[in-house]
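Heads up, there are several structures right after this.
One chain, chain A, links the two complexes that follow: it is found with chain B in the first and with chain C in the second.
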Partner chain A sequence: MPRDSLIASDNDADITLEFEGGEEGGHKERRHREKRRDGSKDRRKRGNGRRRQGSRSVERENEEERVGEREKERKRRVKKDQEAKKRDKEEGDRAQTRSEKTAKAKKNIKNEKRRRSEKGEAGERTEKGKKKVQSAKKEKSVNHGTKDKTHEEKKKKRKKVLETSSEQETSEEDSEDKEDSEDEEVKPESLSPEELEKLKEAVDDKKKLIQSLRGKPWPMKKKLVTLRESQEFLEKYEGALGKGKGRKLYAYKKWMKFQRDFENFKTACIPWEMKIKEIESHFGSSVASYFIFLRWMYGINMILFGLTFGLVMVPEALMGRPYGSIPRKTVPRAEEASAMDFAVLWDFGGYAQYSVLFYGFYSNQRAIGWLKFRMPLSYFLVGVGTVAYSYMVVIRTMARNANESGVGDDNSFNFSWKMFTSWDYLIGNPETADNKFASITTSFKEAILEEQESRKDDNIHLTRFLRVLANFLVLCCLAGSGYLIYFVVRRSQKFALDGLENHTWWERNEVNMVMSLLGMFCPMLFDVISTLENYHPRVALQWQLGRIFALFLGNLYTFIIALMDEINVKRDEEKIVKFNITMWEASLYNGTVSENFTVPPITIHPADVPRGPCWETMVGQEFVRLIISDTMTTYITLLIGDFLRAVLVRFLNHCWCWDLEAGFPSYSEFDVSGNVLGLIFNQGMIWMGAFYAPCLPALNVLRLHVSMYLQCWAVMCCNVPQERVFKASGSNNFYMAMLLVILFLSTLPAIYTIVTIPPSFDCGPFSGKNRMFDVIHETLESDFPAWFSKVFSYASNPGLVLPFILLMV
Partner chain B sequence: MGATASQLDKGMLSEYQELTFLTKQEILLAHKRFSELVPKEEIDRINCRIPMSLILTLPELKSNPFNERICKVFSTSDIKDGSLSFDDFLDLLSAFSDSATLEIKSHYAFRIFDFDDDGTLGRHDLEKLVNCLTGGTDDTNLTPDEMRQLIDNILEESDIDKDGTVNLSEFQHVISRSPDFVSSFKIVL
Partner chain C sequence: MVSGAIALAFLPLLLTLIIRYRYYFVLFYRAVLVRIWKDCITGLSREERAYQYVLTHSTPGDPDSILDSFDYWCSKVEYISNIGPKKGKILDRMLMEQSPLTVLELGAHCGYSTIRIARALPLGGRLYSIEMDQTNAAIAEKIIRLAGFDDDTVELIVNPSDEVIPRLRSDYNLERVDFVFMDHWKKCYLPDLQMLEECGLLGKGSVILADNVLFPGAPKFLRYIRKSGLYEWKIHRATLEYSKGIRDGMAELVFQGIK
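On to the complex of A and B.
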């Protein structure tokens, strides 16, 4: 009973302070006090109970409720019912916090006691405190391994409750006089270093506990309770331990809050999130993965666009010489008449050619404008920078993906995975759900059949023969398509020599059309051939992707080889033009030299100056045309293949002999892998051509933007969810790997041309130099201090570089 | 502990952010969707519970074959009727969110699949699981033969200690090797 009176007296002290102003009669006060004494004791117990037990000790809660109810009845006898209740609540909270404080103060008190070494129980109490922290940790590991985890939790909870209630009682016993001083008593100097260490450990443990809370499979109540406890503990002790009482904790808290807000902001900034969620719920995660990939590509292209636009196109446009001032920036006299024609502009000739969009426009002045912006250097570095940035991003994404997904061991848990992971929880549409049910059923049945059949003896030889045959057919296809492209490119060169105006539109755009058509029809052919092979669908998909990859690659490289031929042709032309120019200049001067020997400066309009064929601009133009035609083909096939087909099926169905929706055409499915490959190859072309046509990233950003909206609309409007839903999600890294390979292969030709072919003499930022990378050498010599270039020339000695590289490898 | 009728207070919001894998917007959206489901009479009660039938009207859960199990697993109500309070709802969304860890997801998946709540997946649980997955109607069910074979295969693959049931650690072992699990075990409002 002495305990009760102590508790009561505490509360009384509180209450009288609180109710000094505004309470009624004296005897009522006393009655209030009495009731509150009981009420607060109960409430404190209840508060303790709530705080400590968390989730599952139902009995204890019931007990408290019963007590509480009895107490409520008592209150009803008092006149001011509601007021009393309110005050009770407030006071209950206060009592709770007070009790919490006292409970937290137990650690203080423990320390004090250790210091004074009054009681032997002190050591015991620190142990209990540590146990509490450790039991929290243990619980996490225990949860993983036991069958009766709920049982264990209950046991631990009860143990905790017993511990703490006993602690509390004993502490209250002793702490009466110390409670006033609890706030200022703990000073770091007052503890021995050992205790300080232990305290620091406890603080770190609490911090780790807070951070790991969200990963614990506890119900929210328990998490909230633990969080609040730990936060209070930290507040008390971090301030005490650290230099500057609350400042460190305050800064830490603010930092965490800032980080959280920043993360929230970042997720809010992600574009098209709602669209993709809608598609996910209708079509499942594999179709949505394409759109996520598209969005990621868009991000990369935005950065590339920023680089090329900001550092190359804008400076030249603002600070370089304007259009018409020097020969390379002006449309030649011969072409002037047709320079504004739409047909010419569509082909990127005319005014489009002689603009910042292409390589040829840039002048080779070393520094332009009042900023002394080093244009050629910037051009070169941006070219290198785009490639480097792309490498970095792709490799980093691959590394991140590799961490997340497990090793895709296809067959080890086949059935179990089908059972446990085949349902896609993102599906929110009943039709899709029905589809999914059907596909899961079929996949179960197939898997069971397969399992039964594999137990029989297979005819291995037949299968092997069929597979070899299929691969042979595929190789034939690839060779055929490669030859076709080569043939077509040769023909177009012949046409070019004849003069382009004499030929039809088809003949002029033959190359691009043939490449796009091949890209459309060959994959279907591969699909048919692969039925010979009889592989597991996932393996068959990978073969299919590999073959389409080889097809595109072959096409691209044939295209490049054809381009190289054209470049050589242009360079020969250049030599002739150079010779002609000297003759022409001589003829100009010849006319005047007879007058006197001082030669007056002759002003010639830039449009009249004979021009060399600028092979770099030609290359840029070819790439731009290829991308445009590719885009157009994609959009048109989308509209015709998907949209028109859906319209026909929908509206002709009721007047047709067989059921169009279930039978032959039906609605198309979204071809994830085909689209992903198309995206990857487009990106490859951008990387290839970006050096010669700085407008390419800008074009690509536009194209991706339009694609996103068009394809989102088309998917929702014309496609049905796939019947065979097998997730290509494990192929996430597969696509990244392909992207990396394409990046490497597409930057090779550009690098080759930069390193081996001398730039044109009269166009572009490198004109007049021997090789394009000479600009670096020049910059080092003229812009950096003298010692720097000496050091660099020593360092770039092959004898030094090679051993260094070998060492690194 | 719980949400007041119309506003989620800031202190609770930051605590929820600390304790779940959800971002602030997601928590606020969850609160909004939850409040829409609360029947008018109870709108003033703190910590009110929504019965399972109302939760199952959410489009994200409606078509899910495991919706009832999900409600029962996350419910902390005393009478085990699957009713969810706002705290439970947040727990649900956190476990199914994009940033939740594999451990949490596999832990809850195990509990969802454990139809009889005995802590292991026995034959009976697995049979019920298969029936849920195949749509539950008679014509899509597997024949008893197929069912038996399927379950035999599963137990052969996952039951490491050969006691005839799959316990939590065996389940987590199987799941951790799966490439699809984390991306498919997701619910987003």
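On to the complex of A and C.
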């Protein structure tokens, strides 16, 4: 083919030129080296030069001996090069013409050009392939550098830019190149200088092609194919230009690669990341923020669970006294018959009550097992530690988020905000994008209308009136729900006095049921009421959150007040029992004494020993039941409200007289605010009850785990994207703030009970003590040397502590 | 069994449902209950009552006044699912933009939309209006004549649409329909559209406007136009006629032909 031959001759000419250029380039390079010996940046260039010289000398020595065997190899290589070149040329005539044109110029500036081209290629490669996020800026500058490559006047300046900008990358790329050279089967020393130069030339051409690829008027596909081929070629032959910077760079490169892989691995290890990303793409970031929050909560609970499980439950189960050894670890005789019934176990009575799951099971031995594990101390410290850890984590996360989330004011530049920031770039689902599009257009229309109206006649009074009305309605609703719970709690106390066995299951679980139902339905009502107010969705969400917060808080505190009443009742009962027990013991003692002097005191089975009511276990049980019923309600709502509805809508749609999907029942939307608050309050209950029921964190971990999967599935299968999709990047700290408030509010009652109420006399790790925190005092006195407790007592002197705290604050 | 307190806890749910779907309850009341009640009292059909009202409250020969009195009757007195003033504006605008010469209307009902279309037709334009029901068609005929449109402008065909469409070409010498307005049975949207395609009455650029695609809704129709690829389509979102809170939409389809 004439064309081929022409190209071949072209190549030859190029190569000869390049050969000379190479020599001169070598000189120049040496000069350069001397000029900037101190600069550590051009380490690579120096390496190049050294390599080339070394290889050349070696070649000269070996040349005569190896002519025969080299001949074949050389031919093959040249052919390969030329073939590659041909491909290259066919693909881009422009590149060829340019290379011809610039051949002369190349002679002079070859080295610089190569340096530049290599760097450019490095930039290009990193940008195309690796997507290194951190070096995005650097790449940009590299790109700018490579774009106007052909202008030789600018080269100095550009070189500077390149050197300053992409030092790290080049070194990395460089090492990659070195590695390639080592992988190569054809050793560079087996080539003659001309071949070497030819190869260099080919490699240079490839590099140039890669650089100029961006500006070529080709279809993208062709560009990609060319790029890939050229890169393959480069990877294969670039090493022939020189060899052996060596092991160090190779290792460095491997290390970098390992680090990259490790980063990927770390991302892959984040649990549920892919699920959340998928949801995010379908439903926008506000729904995803809930799931991220759920995941975060799961992590926290794992740690709480680890603490309670590892330091309290397991030691007690393994090393404490076994079941049945003392009264508090035995099911009483009266309950024994039904202790294994499912109904009883489901209510956490029977065997569940007398197990490590609850406070009452723990004995007050100071040290248990061969490890001399200080059980009561550990129990107390774990209780304090979980709360302290939670505070720390929440506050730290808030502090970290505070830097990131900067939501500007939405009010002042309404249209600009709408124009430039309304799109959610994380949406990947066409339907959601459709919705988002529609919502943006409608919001634009609404905003324009609003603006017009606000200019025309001031309708602010109506809006104000509506907002006040909405708040009034919400307040009514809150008061109503509060009263209902109060009423129910009072009634349940009445039931409890009557004896629970006389009442139905509904009546026994009335409090939990009513609380769950109100917690479920009232937010819906708030949502409906909030449409009156006509706020921006983000503002509306915050109002909604605030209202639900108030509702839940009211419910929770009503519940706690009821519990307090019950604790007082139990404590009265305890006094009577205590008195009875002394009487009973006395009678027992008297009986034995009167009968026989020599016989040792008769042993009584622990199940028969009368015992106090143990209010701590009762509190723990209440919380566990609350959590269980809450979880059940959540899941049942999910199944009925979302799944069943979706199924009905989906399959009845064919034989219904209107469009069920678009019209009346429709599919449900994911309720972010309700779910977030449910999660937060659930956590609050955990914090509150964990001291009295060490099993609560475990239960919560289970619940969160299940709800993660269940809700992910439910969202993807039965919910539709919100009609007003909006970004929720700013609300994360809002959630955190609420969590902090809840944490505070839930630790208050726990601390109150710990500090003010003396523990039960016959159950739990602190039995027999006046207050629970006496355990610290006891430990200080008996386990530490005397001077330590002295120092501690001085240090805990309020006169010393208060100034210290003030100073800290 | 279930105590009163638990029943009370369902009150918010009930309230929510009532508030959220109030427009539907109102619609149910106006469109069904009031209609049955008036039917029993007057012994006339709803359309006849509407005709009587329009006859007594509007200027003959003035389409605008007829439309106005229709709107008033439908929003204040009773309810008939005409296209309504808001969506009617969209219809008017599209007709102005297209200025079609041959318009096919499926489902004339009482002639409200017929008058609206005829009003906006360009000179020499012709409207073929198809109505299935005999009595409705009689009323529609009277109303159209009342508005002053003669046989040259409006041709009322009393027959089910699935019988008329295949015969349009032979009986009425129609080569191509420029504009189709669908407002008859929602279940017939899809078969009629397909029939129009089969008969070759749609040319490139023919516009089809289908009312009430969201409520009561024509899901199969929407699914079909999404999938078929023959149309460029979009949905004009609006509310149901004479009702504020119920969302509805009109589907605008532009026939593109097979690419």
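Going forward, the second predicted complex is superposed on the first by the 514 of 809 C-alpha atoms of A that agree within 3 Å, B and C clash if a C-alpha of one lies under 4 Å from a C-alpha of the other, contacts with A are read in each partner's own complex, and residues count from 1 in each chain.
In this text, a contact is a pair of C-beta atoms (placed from the backbone, for glycine too) under 8 Å apart; a residue touches a chain by one contact, two chains touch by 3 or more.
Remember, predicted model here, so these are calculated numbers, not experimental data.
In the superposition on chain A, A:746 makes contact with neither chain B nor chain C.
By the document's definition of touching, of the two partners only chain C reaches A:510; chain B does not.
When the shared chain is aligned, chain C comes close enough to touch A:661, but chain B does not.
Of the two partner chains placed by the overlay, only chain C lies in contact with A:518; chain B stays clear of it.
Judged by the touch definition given at the top, the superposed model places A:491 against chain C, while chain B stays out of reach. Once the two complexes are overlaid on the shared chain, A:675 sits clear of chain B and of chain C alike.
In the superposition on chain A, no contact is made by A:634 with either chain B or chain C.
Once the two complexes are laid over each other on the shared chain, residue contacts for A:438 go to chain B and to chain C alike. By the touch criterion stated above, A:267 is placed in contact with chain B alone, chain C being left untouched. Between chain B and chain C, B contacts the larger number of chain A residues. Residues 438 of chain A contact both chain B in one complex and chain C in the other.
Of all residues in chain C, those touching chain A in their complex are 1-3, 5-6, 8-13, 15-16, 19-21, 24, 213-219, 237.
Chain A makes touch with chain C in their complex at residues 438, 442, 477, 480-481, 484, 487-488, 491, 504, 506-507, 510, 513-514, 517-518, 520-522, 524-525, 527-529, 653, 657-659, 661-664.
If you check the complex, the residues on chain B that touch chain A are 1, 14-15, 17-21, 23-25, 59-60, 62-66, 76, 78, 87-88, 90-91, 94-96, 101, 103-104, 107-109, 113, 119-120, 126, 129-130, 133-135, 140, 142, 146, 149-150, 153-154, 157-158, 167-169, 171-172, 174-188.
Contact residues of chain A toward chain B in the complex are 55, 58, 143-149, 210, 213-217, 219-221, 223-224, 227-228, 257, 260-261, 263-264, 267-268, 277, 280-281, 285, 404-409, 412-417, 419-430, 432-434, 437-438, 440-441, 444-445, 448, 451, 727, 729-730.
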